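Below are structures written as structure tokens.
Here chain A shows up in two complexes: once beside chain B, once beside chain C.
Moving on, here comes the complex of A and B:
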């Protein structure tokens, strides 16, 4: 007679806790040297509860099924030349931003969770971290694989890994993850699993993937949702790690709150790139950044923080500022990219009349008043004198590394400047949130590799834009500049057999 | 402020009976359709019951199978052999 099948709880116990052992040759402090220096006090690692109770046998089974489904679709996509079915070639620029900005973060997360799994003394978090590390590697690989198909037809995809380490706006996602990975294991999981994945990741993947679905990019929808199915597990780990730290010792509460404050703001600033993707880069729009922020942060995040109130945790500091900025964020960021479109690995453009009408409708309080006049001016300038680019490099925020273009929380007409003095030098910030983060750890953030400073110091190939582009591995006139004059667009019209007039009709239809 | 939990599933053949089971077992659930995705909100608690899903698909169903078509969730996860639930913890 066969043994009775174990239930989920027993199986989880056997295949996680029961595989761990107490060391006898070496002390635990020597084996796990990073476990205590952050100040987090843990009394009993066995109190760690993984709500998903996932064990390695089930993990391989379900992950294999996800992969089979994904690769079937990727193959069908390539075989059917489905890159020609997307709404408009402008859409491809959202994928360029994803591959250069997000995919390397998946790989960084793979490394980060391998490190946290090694450094946590408890078997529960070791197992969850290990699964997540493998998940993140899978995400990086499937994204590279899927998007490689686009590299055969469009510019700007050719050297994304190199660009991630060098291009000015890509230092925003890169430095975000470097900051998390150079912290201790508890801060790392608070940053990535909780603040980024639990609180904010819905705003990255849901709009990107719904955006891909709306714009008929089935390959991206599929890798996105395949990754996102793991993400649900990661979010659950994020919530669990927070609750575990808070329940173990009340002295952990202020440390955790400080990390939540820091990483909410870091993550929110990073998502500024997503805001412009949603409002400007999708030919067919899903919802506005403002609507997404209301749905996924204000409503859903609000409910989450009410849950955590009984532990003494409050909403992250400066969340009100994010709400004040929600009807201007994407417009301010797209303006920056329009200014510096000659130094970017994506094409930029001005929204057409239909798109401007959509923006007016979605942003009735701000668009016509603050942004439409600026865009009209740029439109006119482009028609009369050619496309305008800004040849003065911008000042960057020392913390988030985004050009200083955000406006005062209570005055959308005034650029927000903050600064701090540290050891005889002055440092500049885009917001109170970024200034506070610096002031708490100045010795860390003075080391920031700021692209503009580096260019001026002569570390980026030379002093002129073409020299810097060469150092970025970008081909001037091919990977950068205005979309309307791009090789991508010329090819698109040729492949689709479209006249300019037909293109305009299609673009209009996408918006209706 | 809302105390909704939510579950987002892919809009595909495998997820449709799950959505139907959720609608049967959670009277207050609201189902919203997005491109390629379905988002289900429910105040306080949302449960997917093995028994209901099995009755709809006519085969054994393990609640962990939900991983394959899951996109996102919000709430505290409670999982055992017979159900998968999301709850607000207050």
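Moving on, here comes the complex of A and C:
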């Protein structure tokens, strides 16, 4: 018998959707109870175009190959103590932010895509979601394994999982993903696959991975590139989901637009943490936040939304505000972290003279005018009276949970405050974007686990800073405070053979 | 300035993460499996109740009747995290690839009688739909289960089941020369033929089972525990006189897969049962209940596979064997 040739599409069809059947003993609504409640109308799941046609055996083959290579490099990195090759120990703080802030999100994505992989009624989107789910577990685990070596030599990493659920700034990424996962499958995939992975991913991965490359962290570069090859599949899923919903029924358009608006702003606020990493935490800088925003959002994003205009989709609401903020964002956020550096699991510091010059050059309209004077003041204070920390707890935005430090879109000298009343209570926001998100679903956002409120309510180990730090599992004098006086720096100097300088750092820290 | 690095002075400050050290009782180097597993799933301070299930937290231990002091008491004896899982499966898929290639190249299916091929198609191909249900069921447990120790293994299992459904589909395409007729016929049988309906009804019942641990028992312990020996041992043996080892080769993946998966399933049940009498009774009652349902649903298929009126006796044996296995390997007596 001579076998007929089958094209790839037909074969893939046989290998995936043809497996599903129309149930008759149970109702489809009982098997897929989340399919309709978000209001998205799907007429024909068979119209779903598989964004990538990958069978399981091929998946195992490719992925195993990548895993073998990746672990060989991680192994060699550890053997050679290659952490000593990075540009400067300050760089390690970017990795601390990554492990405590991003790795838990990879894990959340793993579980979230398992949810959508079970809840979408079509086999096409089920399988795409399931592959992404397992990829995200890969990302979480390869990151843990890579950074495990850094944890052995530097502070701040040691209880990343515990911290993610408690520490004030880590509630920003945590609440972002909790928000997406507590929504239905369509909103989840719009939030994560489209708004985050498709529109904004370059602004998360590029800064961390190029940052690692520029600062000679070969281990992170390796897991980054290895993950990137999965990412291209995930991005095509993001675009397919959007197009599918928009093509199925025009009543879906306003719902999708609302989600794009919401998740653009949620994602953009989350990236505020990345902006400070780019401009302040990399000893060797890749590009400024402003340059990255122009390239990856204004140019690439602009082209994407032009393409989506034929479906009736416009640019996300308040994108203009993100453009107005681009030359202030990172400075405002780093200032917050400098203020609260005693309660953070990263070290903070003031940029040195060269770095200040770089910031002036990259931000000619704003840096010298608004931020340099503030930094000079803190610098002087540190020299004369020791490092200054802010001991009053900040007010947090009810939606994005970042301290209220962003300024008015048209006035960089005025802090932006917005508020809404709901059931007799007043809620505060950092921006119109965050206020709109609350106003659309107040019953959801009043539930937010706001770290500062929680401290006031006595849910975080006590009312004093030491009690809260203990509850965070944050080791005072090791994980937090000023970089210049840190154990990390002293160790680094010692490992680099600069023993006397190291002694001086330890001495100074002991006296304080 | 050139800097001399004295490597001898580079001593680690700690050997593993704090949560891992706390579980090991001491700060010592931990395995990749341990670091990739412990405490990954958040348990506290969730921000919003899920809009799809507002009575529960996003992750909530109350989604099952099983209670554990610590969900990380569970261990996967295979120590699968993503890396070890993919590497293991990639080796097994290489063997499967070679087997399919060998059967194709040597035209081994031509040596099997028409009736033999028809029998294989009739019994094996509808099972791809059952594997698809197994995929969704393990995906459900991955989504709503408690503790990465269990949910990562079920996420691997979900993908494995899709892989098995695809191997069965390939077998179908090999049988019908890529026309798809055999797969279409099998789907029609699955939807309409009387002897498949009890099994399809059972599959649909698992798809609406809400307690994820009960679903684990129904799918991974009982249904698999009866189906895999029935098909991949008994039916395979019954085919041997007709087909030699041709079908065994094309089903080798399933056989190997079932062997490693069983070790993990037994370990999981053993841990849950050892935790408390309440768990033990609950799991025993679920197992008993699903034993009845699954063997009833498999009866007509067993008859078709092994010959009229053979099914009931074989299923009795397989039920006994499964009960013995659970008693011996998992400490569960029914």
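A few comments on the model shown:
Everything that follows uses one rule, which is that the second predicted complex is superposed on the first by the 491 of 512 C-alpha atoms of A that agree within 3 Å, B and C clash if a C-alpha of one lies under 4 Å from a C-alpha of the other, contacts with A are read in each partner's own complex, and residues count from 1 in each chain.
Quick note on the criterion: a contact is a pair of C-beta atoms (placed from the backbone, for glycine too) under 8 Å apart; a residue touches a chain by one contact, two chains touch by 3 or more.
Note that this is a predicted model, so its numbers are computed, not measured.
Residue contacts after overlaying the shared chain place A:183 against chain C, while chain B stays out of touching range.
Shared-chain residue A:102: touches no atom of chain B or chain C. In the superposed pair of complexes, A:34 makes contact with chain C only, with no contact to chain B. Contact with neither chain B nor chain C is seen for A:203 once the two complexes are overlaid on the shared chain.
In the superposed model, A:256 makes contact with neither chain B nor chain C.
Shared-chain residue A:449: touches chain C; no touch with chain B. Touch criterion met: A:302 reaches chain B, while chain C stays clear of it.
Judged by the document's definition of touching, chain A residues 65 lie at the interface with chain B and also at the interface with chain C. Put simply, chain C touches chain A in their complex at residues 3-7, 9-10, 12-19, 32, 35-36, 39-52, 58-59, 81-83, 86-87, 89-91, 93-94, 96-97, 109-110, 128-129, 131-132, 135-136, 139-140, 142-144, 148, 151-152, 155-156, 158-160, 162-163, 165-167, 169-170, 173-174, 177-180, 183, 187, 190-191, 200-201, 204-205, 207-208. Of all the residues in chain B, the ones that touch chain A in their complex are 1-6, 8, 10, 34-37, 64-65, 67-74, 76-81, 88-90. Chain A contributes residues 7-9, 51-54, 58, 62, 65-66, 69, 201-202, 205-206, 209-210, 213-214, 221, 225, 228-229, 231-233, 235-236, 239, 286, 299-300, 302-304, 306-307, 309-310 to its touches with chain B in the complex. Within the complex, the chain A residues that touch chain C are 1-6, 10-11, 14-16, 18-26, 30-31, 33-34, 37, 55-57, 59-61, 63-65, 67-68, 70-71, 81, 84, 104, 107-108, 110-111, 114-115, 117-118, 123, 126-127, 130-131, 133-134, 137-138, 140-142, 144-145, 148, 151-155, 157-162, 164-166, 171, 174-175, 178-179, 181-184, 444-445, 447-449, 454, 473, 491, 494-498.
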